[in-house]
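Labels for the chains are A, B, C and D, by order of writing; each one numbers its residues from 1.
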Amino acid sequence: MRRPIAISLAFLAAVPLLAGVAGLPVHGDPSAPVHTHVSARYIEHGVEEAGASNLVTGVLLNYRGLDAAGEVTVIFTALIAVLAVLTVASTRDADASNHDGRVRRSDADRRHPDHPVSPIVHFVVRLIAPFTALYAAYVILHGHVTPGGGFQGGAILGGLFIALTMVLGKERTRPLVRPVLAPWMQGAAVLTFAAVGAVGALLTGVYLGFPVDPSLRIVRDLMLIALEVGIALGGAAVLAMIFLQMEAS
Amino acid sequence: MEVVDIRPLLAPAMSFACAGMVFLFGRKTHWRRFWMLSAATIKMLIVLSMLPGSLQGVVYTFDLVDFTGGIGLGFRADALGMFFALVSSSLWVATTVYAIGYMREDEKRVRFFGFFALCVSTTVGIAFAENLLTFFLFYEMLTICTYPLVIHYETPEALSAGRAYLTYTLIGGAFVLVGTVMVHDATGTISLGHPGILDAGIGTGRLGFIFGLLVIGFATKAALMPLHGWLPRAMVAPTPVSALLHAVAVVKAGAFGIVRTVYNVFGVDLLDGLGFTLPLAALAAFTIITASVIAIFQDDLKRRLAYSTISQISYIVLAASMLTPFAATAAIVHFANQALAKITMFFVAGAIQRTTGKTNVHELAGIGHQMPWTMGAFTVASLSFIGMPLFAGFITKWYISLGALESGQWWFLLVMITSSLLNAAYFLPIVYLAFFKPARGAAAPMKEARPTLLVPTLVCAIWVIALGTTSEVAGMPFSLAEAAVRFVFRM
Amino acid sequence: MHLWPHWLALIVLTPLVGAALTPVVALIDRRTPTWWALSTMTVTSFAATMLVLRIFHEGPFSYVPGGWTAPYGIELHFDEFSAVVGVICLVGWLAVLFSSRYTDSLPEFARGRTPYYYTLLLLNCGGMIGFTVTGDLFNLFVFMEVLSLSGYALVAVGGERIAEMAAFKYLLMGAISSLLVLFAIGFLYGITGTLNIADVTARLHGFEGPTAPAAVALGMLVVGFATKAAVFPLHVWLPDAHAAAPSPVSAVLSGLVVKVGVIGMIRVYRIYYGSGMFDLTVLNLVLIWLGAISIVMGAFFAVFQDDVKLMLAYSTISNIGYIVMGLGLATTYGVIGASVHIFNHALIKATLFFAVGAIIYRTGYRTLTDLRGVGRAMPLTAVALSVGAISIVGIPPTAGFLCKWYIALGAFQADRPFFGFVLIFGALLIFIYYIRMVNAFYFREPVHAEVAEAKDAPVSMLLPTLVLASLCLIMGILGRVPLTFIEPGVARLLAPLGG
Amino acid sequence: MLTALWHNIDYVASVVLFCIGLYVVIAKNNLIKKFLGLNIMETAVFAFIIALGVIEDGQPPIMTGDAHGPFASPLPQTLVLTGIVVAVSTTALALTLIIRVYRRFGTIEADELRELE
């Protein structure tokens, strides 16, 4: 019964959607409003205005900085949501202060990974770990010039952390999520945005403003890099902690 | 002449305060009685204190809140409202005394007396409502406040009667509200302070719609047939409540609403040209006759009285829809005439029930010898309803007949005569049974009702005679009715 | 640095930063998150006050973070409808205060959910505020996601038996509606090349070329926002979610979060009325009908509920019906009534949920049968509940009255008296339910000893409840203030329709 | 109409994908599969928006020294970047909820859950 309904609903949705896309400007047409209106300015002045050769980064962090701020808030929300919904299972002990997704105390003296890992995987992960970290750093710091940026780099870092935890066991990666540090890391991206935005407000008079004056170009670049690093740390922390939380529960 | 005065607000507020006191501190019997009686007296005094001014044509107004553009809560004691308020506040005193006597052994008296006070409060609020919204508000509050009284005994029968009552009156209230919104939409005002606020420019169809909404809404409470279904069922309530429901508050509120609709919302001039009132009059006439016929076949005394009420309230509707000054006088004075006579009868029914335990008509043989004073009062009320001169009911019928002649619709006269005969047919047998038939079995010794029941009954009976004889005396309520008529007809 | 021009940025920023720091301050002490959330909301409320004051003086105004003027950057735009941030802050603040004791009673919270709970609450308020004040379509979507995600989690956080299931249902429908909105934004972007609401409107004005994409976008936006607003038949997620959430969360969800959908619809109207591309009569008619069905259906289901919270949830559907109907009427009275009902319903529903929450906290029961006689045991709470009940039915002189009156007037103004009837009969149905409730609470004998012996709610719960209850009365008596306040906004919205 | 659809075959593809996703969400009984359907829908919308930014013979919008136009529009890419993050977040939360539902009821089949409720 559900199947026919689903099929008819899908078709019902398809008809107007197809009519809609048929009316859109032809795909790839350079004279479409998408290319002639707002984007035109980005492409023309983006580099000197936003300070990033990679226009995607420029638009993301500079022109539409508030979107990026909202975006990091969304992943922060997701992290907190996961932590909140899964707390019950993760802490069987009644210690109320031990709640922020850290590894359980009972794990403290485990020296070995939680699951048996093949020696090849073990070796390969350990081998590529430093290179992965370096690559992540490159993606983050070079984000405003080449494809990449905070989110992508953060994802790589988070992935690395997850791989290491799986291979080496939680005990070895624990220093990275120290209890005092963990909440700061969770909110790192949001807080970085707030801080950089405030600096911008001091320098230019508007929140999230970037100085355009050529003499302050270095400040602008630093601000962009700070944002990238913040996003990356925050993103990595979110991935890592969601993983830890789900794994622990 | 309009005077800003807080008394129109104070009068309903008095019984509100009383209700609050009863709810909060009413556990102790003597305190409850103190609050009830003093509030009833003070309220009557407040209303009476406005009477002299009112007779001289002073209108007391008080605007409580104005939300926006004329939508607000306001109070206005014009002659018509004063008349209704006078009736209800003076009868409240009588009913309070009676209820204290009647409910002596009952449970849940706090709830009973609290809502009892609220009911009267809202009735006076209806009387003094300055606009349709205030009217509606109190009208709905009345519905809600009488519900706990109807279901007082909480028997399945009482609960189902309460549900029927709520269903009828709430839906009726919704009609009133829709009508009110439409009036506001059409004219930008909902004031009841003019002899008509609508005008013909709105269009006959729309006017008819509004008229239909308001009349249907009010008619559910006035128990106009075929919307009367709730009333006989609500007889399961304690007798003081029946008296209040049928004589003073609920059905009268409905009738008052129709009177306000005819005189203050539409105005006689407009309605005269539209002819909406003819079907209404026909319906009222139909109700008068049919309800009387049904009443003849009721054996339960209170049910017989209930059908009599349905019939009698329609007098007001009938008179109001004639749109002549004489008929209007009849409509207004009938508020008092019907109320006093009917409340007397209910008091009698309650007194008989409490004293002898009898509730059916056929059991009443010889009871006139057992309770002569009580049945004497009943006789007075019956004669009033039949329309005997010197009794209050005569005044109504006389003026309705005059109005019928004035409007040239002779068939109203026929209705009047038939109705008088029918009234005689269902009241006189009771009187006959009571006084001229020997009691079955051994004749019971004389055993009158207790004083708290008897005295209010007799006072009301005396007033029935007083109203019938003093219509030309200045300062009596009748002159108030005349003042109201002068306003309505712009005389 | 003078802050006057910056409040618009700060009001968005404060709750989000406050949220990010909540887990940090939780390290200090168990109770700190409460105080932290409270002070964050205080600052936000102050910002809201400043903004409302400013719009009183200057009319609508904008702020461009980053200094890139629209359409190149994102514009924050504060108009009369954005003034709803005031009520968001108020209810949010009170919800935090209410939660401070309430969460103790939930077994799940003893195990450390508290800081996350406050974080989510702050994020939810921040998302709503961002959504209301942004002038950019995509930014709208981003903030919508912030508030939706935190909303899903807040439903699940209470640990009711069906909470997670309800949250998942909410998430599924919420995510689909978000996607529809995003898809629609894509369409609009495709034909206009811009994301700024005002710019989109301007570029659609006199648009030459196929109108099909704009029409499809309109349809998807309306369906998307209607799902968020729980308009029939897209309401299926609401009753379970709102009933399963902890009471302060229910207050926020029912009072505020569903309104986001309505605000979204107002924004959509702004674009499509302003561009004059389509004659929206058909859409409006559909909305009126859906609103009418929502009113009656919500009220009808509410009447047959025994669970008080479930009943309140259904009554939310009914009230959203009023708002949607008022918007669909497209007459001045109707839209003014609907817009003011957004404010007032938030107050009223929060009052009701707070009062019910306090009762549940004290007694542990939540059905009418179990809660008999609670009115005498918890007099103040029950009085607040009664005030809320009177308001939601729309009895003068309470907050619910004037809006419904205006919507009814709007129905007659639009020459659709039938819907005036529907509106009033819907109110009647709801009225019957509340009579049942008041009857059970005051005039029936308690069946449980816990109910009979319950004490009135603790101050941290009583205070928010009573504050809101008195606001229900004040907003009723001063009903003219919000009406006159919103009027220029409505006039601007409807101006392109002419007349 | 058909020519227009043919020219916009990229958009059509995303519409088809969207509808497939919708079908999966409604037709499938398993909560995880339902959610996968939602992910398909998300992907469809992202593909659609990305396709909007494409330009004939375009280059990626990275302005290094020797780059020459025409450049693809950077804005849709930014939007999709944000969109992906949102989608990931939703996925994380949804999976968490599914875990909890499974713990509580021992099943993640929608019809069985409806009976258990």
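We adopt the following convention: contacts are C-beta pairs under 8 Å (C-beta built on N, C-alpha and C of every residue); 3 or more make two chains touch, one makes a residue touch a chain.
Predicted model, so just to flag it, every value in this text is computed and none were measured.
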Remaining connected clusters, assuming chain C were absent and nothing shifted: A, D | B
A-D or C-D, whichever has more C-beta pairs in contact: A-D
Distance-to-centre winner among chains (Cα means, whole assembly as reference): C
Length of the line joining the C-alpha centres of chain A and chain D, rounded to whole Å: 18
Between chain D and chain B, distance of the C-alpha-averaged centres to the nearest whole Å: 70
For chain A paired with chain C, centre-to-centre distance based on mean C-alpha positions, whole Å: 30
Residues of chain D whose C-beta touches two or more other chains: 18, 22, 52, 75-76, 79, 82, 86, 89-90, 93, 97, 100
Sequence positions of chain A contacting 2 or more other chains: 17, 19, 21-24, 34-35, 38-39, 42, 64, 67, 70-71, 74, 77-78, 81-82, 85
Junction residues of chain B, two or more chains touched: none
Residues of chain C touching chain B in the complex: 395-397, 401-402, 405, 408-409, 412-413, 417, 420-421, 424-425, 427-428, 431-432, 435, 443, 476-477, 479-480, 483-484
Touching residues (chain side chain A, partner chain C) in the complex: 16-17, 19-25, 32-39, 41-42, 62-67, 69-71, 73-74, 76-78, 80-85, 87-88, 91, 94, 96-100, 179-180, 182-184, 186-187, 190-191, 194, 197, 200-202, 204-210
Chain C-touching residues of chain D, taken from the complex the two chains share: 18, 22, 25, 31, 34-35, 38, 41-42, 45, 48-49, 52, 75-76, 79, 82-83, 86, 89-90, 93-94, 97-98, 100-101, 104-105, 113, 117
Touching residues (chain side chain C, partner chain D) in the complex: 138, 142, 145, 149, 152-153, 156, 161-162, 164-165, 167-168, 171-172, 175-176, 178-179, 182-183, 186, 189-190, 195
Chain A partner contacts - residues on chain D that touch it in the complex: 1, 4-5, 7-12, 15-16, 18-20, 22-23, 26-27, 29, 51-56, 58, 60-64, 69-71, 73-79, 81-82, 85-86, 88-90, 92-93, 95-97, 99-100, 103
